[in-house]
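Both complexes shown next keep chain A, but they swap its partner, so chain B is in the first and chain C is in the second.
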Partner chain A sequence: MSSRFSVSTLALALAVVAFAGCDREERHSRSKPLGETVPAGESPDTILPGGSQPPAPDPRAKLYDNNAPAIAEGQFLYTRMNCVGCHAHGGGGMGPPLMDDEWRYGGRIDQIAATIAEGRPNGMPAWRGKLTDDQIWKLAAYVRTLSGQPSKDSVSSRSESMSATTPQTLTPREPVHNSDTAER
Partner chain B sequence: MKQARPATLLLPLLLSSCDYQSYQSTFSDAATEVRNFNILFVVFLVICAFMYVLVIAFLVATIARRRRAHANVVEAGKHHESDPLMRTGLIAWGALVATGLIGLAIASFFTDRSMASAAAHEKLSLTVTANQWWWDVQYNASDVSKTLRTANELHLPVGVPVRITLRSNDVIHSFWVPSLAGKQDLIPGRENDITIVPKKVGVYRGQCAEFCGTQHAHMALVVNVDSYGDFLKWWQQQLRPAFAPATPLAQAGYNYVTTGPCAACHNIAGTPASATVGPDLTHLASRRSIAAGTMPMSSGNLYGWVEDPQSIKPGSRMPTIGLEPKQLHAVVAYLETLK
Partner chain C sequence: MRRVNTALLNVIAVVACVGLQACNKNQPGSSSEPVPSGQLPNGPHALPDRAASPPDDGNWVMPGKDYGSTRFSGLNQITPANVGKLVPQFTFSTATTHGYEAPPLVVNGTMYLITPYPNDLYALDLTKPGAPQKWVFKPKPAAASQGVACCGTVNRGAVYDAGKIIFNTLDGQTIAVDANSGQQVWRTQLGNIQKGETLTMAPLVANGKVLVGNSGGEMGVRGWLAALDEGSGKLVWKAYHTGPDKDVLIGSRFKPFYPTDRGKDLGVKTWPPEIWKLGGGPMWGWISYDPASQAIYYGTGNPGPWNADQRPGDNKWTTGVFARDVSSGEALWFYQTTPHDIYDHDDINESILATIPWGNGRRPVLLRPGRNGFFYVMDRRTGQVLSATPYGYVNGYRGVDLKTGRIAVNPDKEPKPGRVSRDICPAAPGLKDWNPSAFSPVTGLVYIPHNNLCMDMAVQPANYIAGTPFVGADVKMYGGPGGYRGAVTAWDPIARKAVWEVHEDLPTWSPALATAGGLVFYGTLDGWFKALDARTGKLLWQFKTGSGIIGQPISYRGPDGRQYIAVVAGVGGWAGGIVENKLDPRDPTGALGFTNAVKDLPGKTTAGGMLYVFALQR
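This part shows the complex of A and B:
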């Protein structure tokens, strides 16, 4: 009797401890801190002189990567800011596809944010000054869902707005390769 | 519990605050539909209340009867034969219920008909598109130069049947101006419509009546019912492009607004700012409120809203940009010229 009691108590205690893991996301409606969330100055590009290593990931990546509200907001911006016009819904067109495994300028969230903020040759406009840094990070968080990078529990199985694409939860996860050349 | 009962009886007194003249009220008589609906409501209320009182009276009578040891009659199922009065009573009861239901059906039919007939005489066509969390308003006209776009505020001419096409860009919302019309949902991917015939000049408030996200409570709109002359004057004024900035400060604001982050979402007719993601700002300063009825239009509120919308309406799509004080002064100075 007493051993069964202690086993159930232990199971209950473990279940309570497991609740501590229920910390999936943080909703933040402002950039933190204001005005300096996009990696500025030092660009975390993949093109680096002398074979040096890219800088360490931006600590703010944690705020946006795998963050469901940020991804949803990013999806809103992706259509409203007409990213669709060149990249389609990930398949590409005038611009490169975003759903494949090749990243010309790096597939880390801070690298994508830098690409959006600074623009890239051959047509990608710079969004710094047009979008806030917070918005750029949210867009970057969404762009990563197109190749299935974020965890499946942070993406939505049903888009908040009208959408013709497959649910993000069904997007296959692509490996991340840095492509060395800008031309294919 | 015993003290609570008299207090409950006082609750209907609260209804006295439902002033039918007010800004936002379902008891208004400012539009034909609402007037007809209120009549229908009273008809339903009176008939249903009468029947309810009757049923309760019978119930009480039955309990009293049972106490007088007539219990066996009903249980034996012989009340028809044993009591001719009961038989007549049951037939009369059936007839009464049928008459009441037919009466309600007729009343409801005529109310429906009056709404349909208003829709057939449409004179002005509007499209209202709901967004999280504001209203995009477009006045349609066969002459394209007469179509205009504004946000969060409607102007309607009194006595003219207006057909409002309702759309949504994201989730389901509901258009509800209680003083002028019933609720109608705005559903993404389809069109609903509602016809209003405003009967009284005045200012009425509407709001979203379907939970649509964090800022659902701050999704209101203002409806101005004007005389026909005033309405045309407003229309002409709204058709004009935005005024050019007159002061150096407003010019600095113009430069920032039309080239900076504001222009990524907002449209100001006659300037390079021509995006359609956010509310149209061409005649922002002529509206009564900002941020979809969140605050009245004033310099102070504009300062607060432009500087930090996320503290006023957290989660809204207008980002906190973090303007420098100098830029903020200029932007507000420019926005205030947009009469």
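This part shows the complex of A and C:
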């Protein structure tokens, strides 16, 4: 009785894992490990003099974008590292909003990671050396959820706060404009 | 009969709005008809202090107008009868679009403007047509300071004394500039942005000392007030607002009125171990000075973090009033308005120096419209509270016991971990925030520009990391009972009631100006600059400026002998940050919860930074 139950439970669990796996983050369990690095000063899309090609995206970007565990840990860090004190739950305050469609320093995950690591001149602190590179990438992955960028199956359906912001599963995906029309 | 009807309607409105919880009527740009609620005082009334408030010489040399912080102009050319003919004379763009809270200063034919970050100081020549620029002084503060300014990169004003203009920069410097040449005289670094300290207040110069306090109550700073030598900029004394008595400059002259403020090192003992070092209690508001007793009076800011669960105890010497000797900084008395503050109710609001009839004589008092919603009348020699009366809707407290001086918190509203406290009134910015009142000796009334906001608050553990916010709370604000978010209340400090109030749709974040002509001036968050009849509250004149007004209006006598009214329009600060910084209205907790209360503001005004100067049409 109990073994039959276990077997059926196992089968069910396997089925769930198999189906859920269809649309989950990519896992690179057999690939070579990548060095723990955050791009230094990766800037928003900008003029490339002489018609040169934009630099290739950082390979770590793919590992963290749409990665549910990374986003969940990033969400925890977002509160504990006091990001929430300046950026609120995406609406901004001391710092700019993170749920809208404007990115002063670029809205790609590697650009956000660079902003967190290096800081920015109008008051964004530099976290390199205070957080590990892995933590910085996880934070960047979470920040992108505030404007609905990741796929909906990688985000949480409930908010950590009393805030009445919509759950991340319902956050509309904003376009990403590398622009700054805020009055600074 | 009409009074009864109005009262009845108000009751119905209050009940209806409490029921609906968020009752923000959107009447575009309009204020209500004044609601009369009392009689003008007809006996002896409150008067400004003679020594602190000398007769008007036509200049405006400090934000409070005088040491008594009356914000009263003795000029009387502009009256209720002719104010309708008030027209713009000239304008000036400050080249900034941050929230503009400072007043223009006027000294013998020159106007001085101190901008928000980057804190540029302009001198305009009032003797020439169009008031051309004489010079500009650019202190170039660190851009990073913008990231540790909790509630806008504002500056609340410069001050003129003895040939110098003295002001603070956001990145923690106090600077003296020669008023004629625009050349720097001295510059002193006082605040450290790496610890989250900024300087946003206007200095006060008294008895050869430049008094400056720090901002950063949301960043885990340790609050202080410093005195610099006016000639050299060198530090004379510095009094902390937490910690051991020697740091607080508490010694043998310290004689608080209430027993709860007596004892050794209460700035340490009323905190969990070591927490006083991160305890807040900054000083970013207003100081008054009594030249007769050579005492200064000011209040201290909120304790940190907002999550009060992390700091059991009275948290001295935060959220209270200090009297100090100006020369030595020694504390004379202290009264803690809100021990163990749980709602972010800083006590940095203005302390108006006045005398009130008392027995056969007059008693020297402080008039203090508090952030916690109570109007305090205090004996300024002793620190005794003579009365404490709500001047608007308050449910976060039950009242002030005049025997013990202690305020009673409403336990139903106290934020505790694991629950959301709802409908706390007033909200974190208080019934009134920094924007000062005006006090008219003509009517004996205090004109209080204020909010009518309530909030939901949830606390969670705050994590101290130097240079980042130390708050530990999610807040969501909304309009209070009555369906309006701001008001101007004409308060009789002796009868302890309102004579009239005018309701504003949006929170009122602008200071007030009262004039001998019988007018009260203030601005609205959507850019209307208004003149009310000081006796009745009737709206007599209004002008739509280019941006929301949070600046301090002033009045001066021009080189041509005419009376002028000046104000800078430039929305921002805590209330207007949603416009200035393009915050996203979809997150109700944005701007520490203010976003939710002003979601409609981006549709009603845009950022700016323009001086407007008015006079009667010739």
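By our rule, the second predicted complex is superposed on the first by the 123 of 184 C-alpha atoms of A that agree within 3 Å, B and C clash if a C-alpha of one lies under 4 Å from a C-alpha of the other, contacts with A are read in each partner's own complex, and residues count from 1 in each chain.
Keep in mind that, in the parts below, a contact is a pair of C-beta atoms (placed from the backbone, for glycine too) under 8 Å apart; a residue touches a chain by one contact, two chains touch by 3 or more.
This one's a predicted model, so the numbers in the text were calculated from it and none came from an experiment.
> Just chain B (first), just chain C (second), both, or neither: which does A:86 touch?
Only chain C; A:86 stays clear of chain B.
> Where does A:175 make contact in the superposed view: on chain B (first), on chain C (second), on both, or on neither?
After superposition on chain A, A:175 lies in contact with neither partner.
> Which partner does A:95 reach: the first (chain B), the second (chain C), both, or neither?
A:95 contacts chain C only, not chain B.
> Regarding the shared-chain residue A:76, is it in contact with chain B (first), chain C (second), both, or neither?
first
> Answer with first, second, both or neither: which of chain B and chain C does A:167 touch in the superposed model?
neither
> By residue count, which of the two partners contacts chain A more extensively, chain B or chain C?
The partner that reaches more residues of chain A in the superposed model: C.
> Please work out whether A:134 is in contact with chain B alone, chain C alone, both, or neither, and reply first, second, both or neither.
first
> From the superposed pair, tell me which chain A residues show up as contacts to chain B and also as contacts to chain C.
80-81, 130, 161-162
> Across the complex, what residues on chain C touch chain A?
97-98, 143-151, 218, 420, 456, 458, 460, 462-463, 465, 467-471, 474, 476, 577, 580-592, 595, 607
> Can you name the residues of chain B that touch chain A in the complex?
Residue positions touching the partner: 169-171, 188-189, 260-261, 263-265, 277, 310, 314-317, 319-322.
> Using the touch rule from the top, collect the residues of chain A that touch chain C in their complex.
Interface residues on the chain A side: 79-82, 84-86, 88-97, 99-100, 102, 121-125, 130, 161-166, 181-184.
> Residue numbers of chain A touching chain B in their complex, please.
My answer: residues 27, 29-31, 34-35, 73, 76, 80-81, 129-132, 134-135, 160-162.
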